[in-house]
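In the part that follows, the structures are each spelled out as structure tokens.
Shared chain: chain A. Partners: chain B in the first complex, chain C in the second.
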Partner chain A sequence: MSFEWPWQYNFPPFFTLQPNADTRQKQLAAWCSLVLSYCRHQKLFTLDVLEAQESPVFNNKKIERKLSVEAIQVVFEELRKKGNLEWLDKNKSRCLIMWRRPEEWGKIIYQWVSKNGMVNSVFTLYELSNGDETEKEEFHGLEDWMLLRSLQALQTDGKAEIITMDDGKGVKFF
Partner chain B sequence: MHRRGVGAGAIAKKKLAEAKYKERGTVLAEDQIAQMSKQLETFKTHLEEFASKHKQEIRKNSQFRVQFQEMCATIGVDPLASGKGFWSEMLGVGDFYYELGVQIIEVCLALKHRNGGLITLDELHHRVLKGRGKFAQDVSQDDLVRAIKKLKAMGNGFGMIPVGGSYLVQSVPAELNMDHTVVLQLAEKKGYVTVSEIRDSLKWERERASHVLDHLLKEGLAWLDSQAVGEPQYWLPALFSELLSRDVTPEEANQMTP
Partner chain C sequence: MDRFVWTNGLLEMDETLVIQQRGVRLYDGEDKAKLDVGVVLLSTHRLLWRDQKNNECCICIPLSQVIFFEEQAAGIGKSAKIVIHLHPVPENKEPGPYQQSKYSYIKLSFKEHGQIEFYRRLTEEMTQKRWENTPVSQPIPTGVGTKAGRTRAVGIVGIERKLEEKRKETDKNISEAFEDLSKLMEKAKEMVEVSKSIANKIKDKQGDITEDETIRFKSYLLSMGIANPVTRETHGSGTQYHIQLARQLGDILQAPLEERGGMMALTEVYCLVNRARGMELLSPEDLVNACKMFESLKLPLRLRVFDSGVMVVQLQSHSEEEMIASALDNVSDKGSLTAEEFAKLLGLSVLLSKERLLLAEKMGHLCRDDSVEGLRFYPNLF
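Up next, the complex of A and B:
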């Protein structure tokens, strides 16, 4: 399914950080929404700031407008404040994008497990994210770091336990 | 010499004549009033027949409403003048415009965070019709204009700005004076305007132009585009043609500050 761009994407001023505070607030909210939707659509879990500038999200070639690096940083800071972004380095050049938070993923995974009557089974992380059985699920292809955090969230809730196995980690669901 | 008309006798005679005329006048007036009463009765009956015959028509047919309104204007009647009375109760004219007013307010509120409270009459019409559904009554732009005038009279912050042959409907009490209005009209053509365009078309000083544009930015009616070739462009979401048919998405609704 092709990505549906919001109306702001084709509105030239959208790519200029607005001087008016109220308008800027609306603009940033729309950018946050757009970045998260886009990453979700493309199943992107990390972003590199320099690469991002050339990505279609921040660069609309059709109307010849792009978000400046400074503006991208402002958008990322907004996302970080909302809990959807984490910097991977001190220089803020790469980040993790959480278009879904770990707790939300945990819930989805657990739903799948209980729906298929697999409570009390043990899975390796690989089986969960890349196994044939999970191919149709949303969490298929979930990157390890996110999978682990999701399972940790479930563990906190008492719904799972992460176990260390010979060749990696696994999880048991309750 | 004996003069006629002057003297006590003449005066008394005059007074008697006056008294008789007065009496006659009273009698005449009473006659007239009786006649007028009768005519009014007949008129009232006719109006009631008219009302029952045309009430449906008024609700369903926008062209009929225009002609009806024009007829009322000719005889000096404003069917929307008061909530009670013959016009609204018997004909339901008031109800129709009241409900339309409520719908207009809803559409404007739903889009306010996008366009700052400014919307073209075309877009408003399009969305009102959409909201009414396939089987609802027909609503014309004339109907919208009348309903908005009513809203304006009730002090709801509504106003209409003539632009490019139609109107921009303002639904927030942003202060817009003649200077602002004229710049909005200039922006209508392309959906944006620049300082140079204002200076060329209106022959204003740079400062006056900047002042107006800053005000539009401050009121949330315009956005700044500083990547335009040459000089910054000031765009108005209300005039952004792509928005005309774009519904408010759930995401957008979540972005709206309460």
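Up next, the complex of A and C:
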């Protein structure tokens, strides 16, 4: 399945940060949704700002336009405000991107658990993200930090409990 | 040697220096002159000799006194010499270092060489006889002090004197030129009067002349200038002057503004107005001040300052919405436009067209694409 680019992607002004406040707002909203949907499509969980500039999202080779690093920072900052992004360092060069928030992931995982009648059973984190049974699920391949966060979200809801085991972490669903 | 006269060593106006040679001793015939070693100078009119140490000591002979001259080769312990045979002493001779002499020739002894070139130049001058074309006035006797304060370095004082002469000449020229200008200004006033009376006559005789001719004639009159410009002389200075000026600007700018789509850069206005005024030019400051009066005088013009600081004069009727809409139309038509392209399309200046695009952008109708190719504007599709 190839990624479907939004119409803005081929619109040159999309790659210049607009000075008009209203226009900029709309532009940034479009950028945010593009970045999130692209990351979802590519299953990306961490981004490096400099590397991202070269990736197809911010660099449209067809119309020869590239979003500047400053503009990328603005877009990312906007994503951070929305709760979809967390910076990994103070220089804001690397970030975690959450195209689905931990609570949403938790919900999806819990749905799968209850659908398969495995409430009250224990899983290792590896089983959940890389096991054969979850292969067809959306959370298959989820990065550890993301998985842990979503389970933590479930734990606060009282639907799961994280257990520390010898060789890592496990979880029990209620 | 008695042919020599004292001189201040300065060259005359039309006299030029040909060559000079240091280390030359003068001989009165066969005897060494009682003068020291000095510099000998050859000009187009005279042969001069100046003491090397004492510059005040300077003597000369007019070249017209020379009959002929010959070279005398150098020998052991003897410098090369040039022997110059001279006419007898003229009766009204100025005083010189020698009252009398038994020889009718002198010798130049070249201690530091240079006699070959000097001889060549002397031959040239003697054959060309340039002193005859522009006879030198009697050399100024040393007894009379000059403005420059007697003789000092010939070259520099000579140059200074020439400069002084030139300055005087220029002064004269300038004052003559301005005389012409004031006459021209008087004439210009007359011309304005004439144009006014013609304009009135045209009004009276409407019908006698065809419409076409009237229009053409009026356009000639217009290009001649404003009939009676508001000046500081006629309206004093300060606010009153600016008010009147603003009124006049309101009259004359109406048509050109309509022609240019309702807006003109202030610089353009300045040029147009001053061209129309002809002689009574406006200062930029006065123009700005007058333009600031538009609003309080309820004139149909406005001075507008863009965010970038660019000032324009626009018609009040010239609505911003219309301007923005037209910018949007144009951009939508072409897909995208740079300020230059837009300027070409509308026949505006690039500066103004850019202001329009920026305004449309500010209102959210356009958006920009700032790339290496330049700033382009697109319809705002966001």
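The definition used in the following text is that the second predicted complex is superposed on the first by the 174 of 174 C-alpha atoms of A that agree within 3 Å, B and C clash if a C-alpha of one lies under 4 Å from a C-alpha of the other, contacts with A are read in each partner's own complex, and residues count from 1 in each chain.
Just so it is clear, a residue touches a chain if its C-beta (ideal position, glycine included) is under 8 Å from a C-beta of that chain, and two chains touch if they have at least 3 such contacts.
Since the model is a prediction, treat every value here as computed from it, not as a measurement.
Enquirer: Label the relationship between chain B and chain C on chain A in the superposed model as either fit or clash.
Expert: Aligned on chain A, chain B and chain C clash with each other.
Enquirer: Per the contact definition in the header, classify A:93: touching chain B only (first), chain C only (second), both, or neither.
Expert: A:93: touches no partner chain.
Enquirer: Once the shared chain is lined up, is A:12 touching chain B (first), chain C (second), both, or neither of them?
Expert: both
Enquirer: For A:26, select first, second, both or neither according to whether it touches chain B, chain C, the two together, or no partner.
Expert: Both: A:26 reaches chain B and chain C.
Enquirer: With the two structures laid over each other on chain A, which partner does A:65 touch: chain B (first), chain C (second), both, or neither?
Expert: both
Enquirer: Compare chain B and chain C by how many residues of chain A each one touches, and report the one with more.
Expert: B
Enquirer: Once the shared chain is lined up, is A:37 touching chain B (first), chain C (second), both, or neither of them?
Expert: Touch status of A:37: first partner only.
Enquirer: By the touch definition at the top of the document, which applies to A:156: first (chain B), second (chain C), both, or neither?
Expert: A:156 contacts neither chain B nor chain C.
Enquirer: Going by the clash criterion at the top, which of the stretches 1-9, 19-27, 145-153 or 181-189 from chain B hits chain C after superposition?
Expert: Of the stretches 1-9, 19-27, 145-153 or 181-189 of chain B, only 181-189 runs into chain C after superposition.
Enquirer: Hey, what residues of chain A end up touching chain B and chain C alike?
Expert: The overlap between the chain B and chain C interfaces on chain A comprises residues 7, 11-13, 15-16, 18-20, 22-23, 26-27, 30, 64-65.
Enquirer: Report the residues of chain B in contact with chain A in the complex, numbered from low to high.
Expert: By the definition above, chain B touches chain A via 113-114, 192, 217-218, 220, 223-228, 233, 235, 237, 240, 242-243, 246, 249, 251-252, 254-255, 257.
Enquirer: How about chain C: which of its residues touch chain A in the complex?
Expert: 336, 361-362, 364, 367-371, 376, 378, 380-382
Enquirer: Within their complex, state which residues of chain A touch chain B.
Expert: These residues of chain A touch chain B: 6-7, 10-16, 18-20, 22-23, 25-27, 29-30, 33, 37, 64-66.
Enquirer: Going by the contact rule at the top, pick out the chain A residues touching chain C in the complex.
Expert: 7-8, 11-13, 15-16, 18-20, 22-23, 26-27, 30, 64-65
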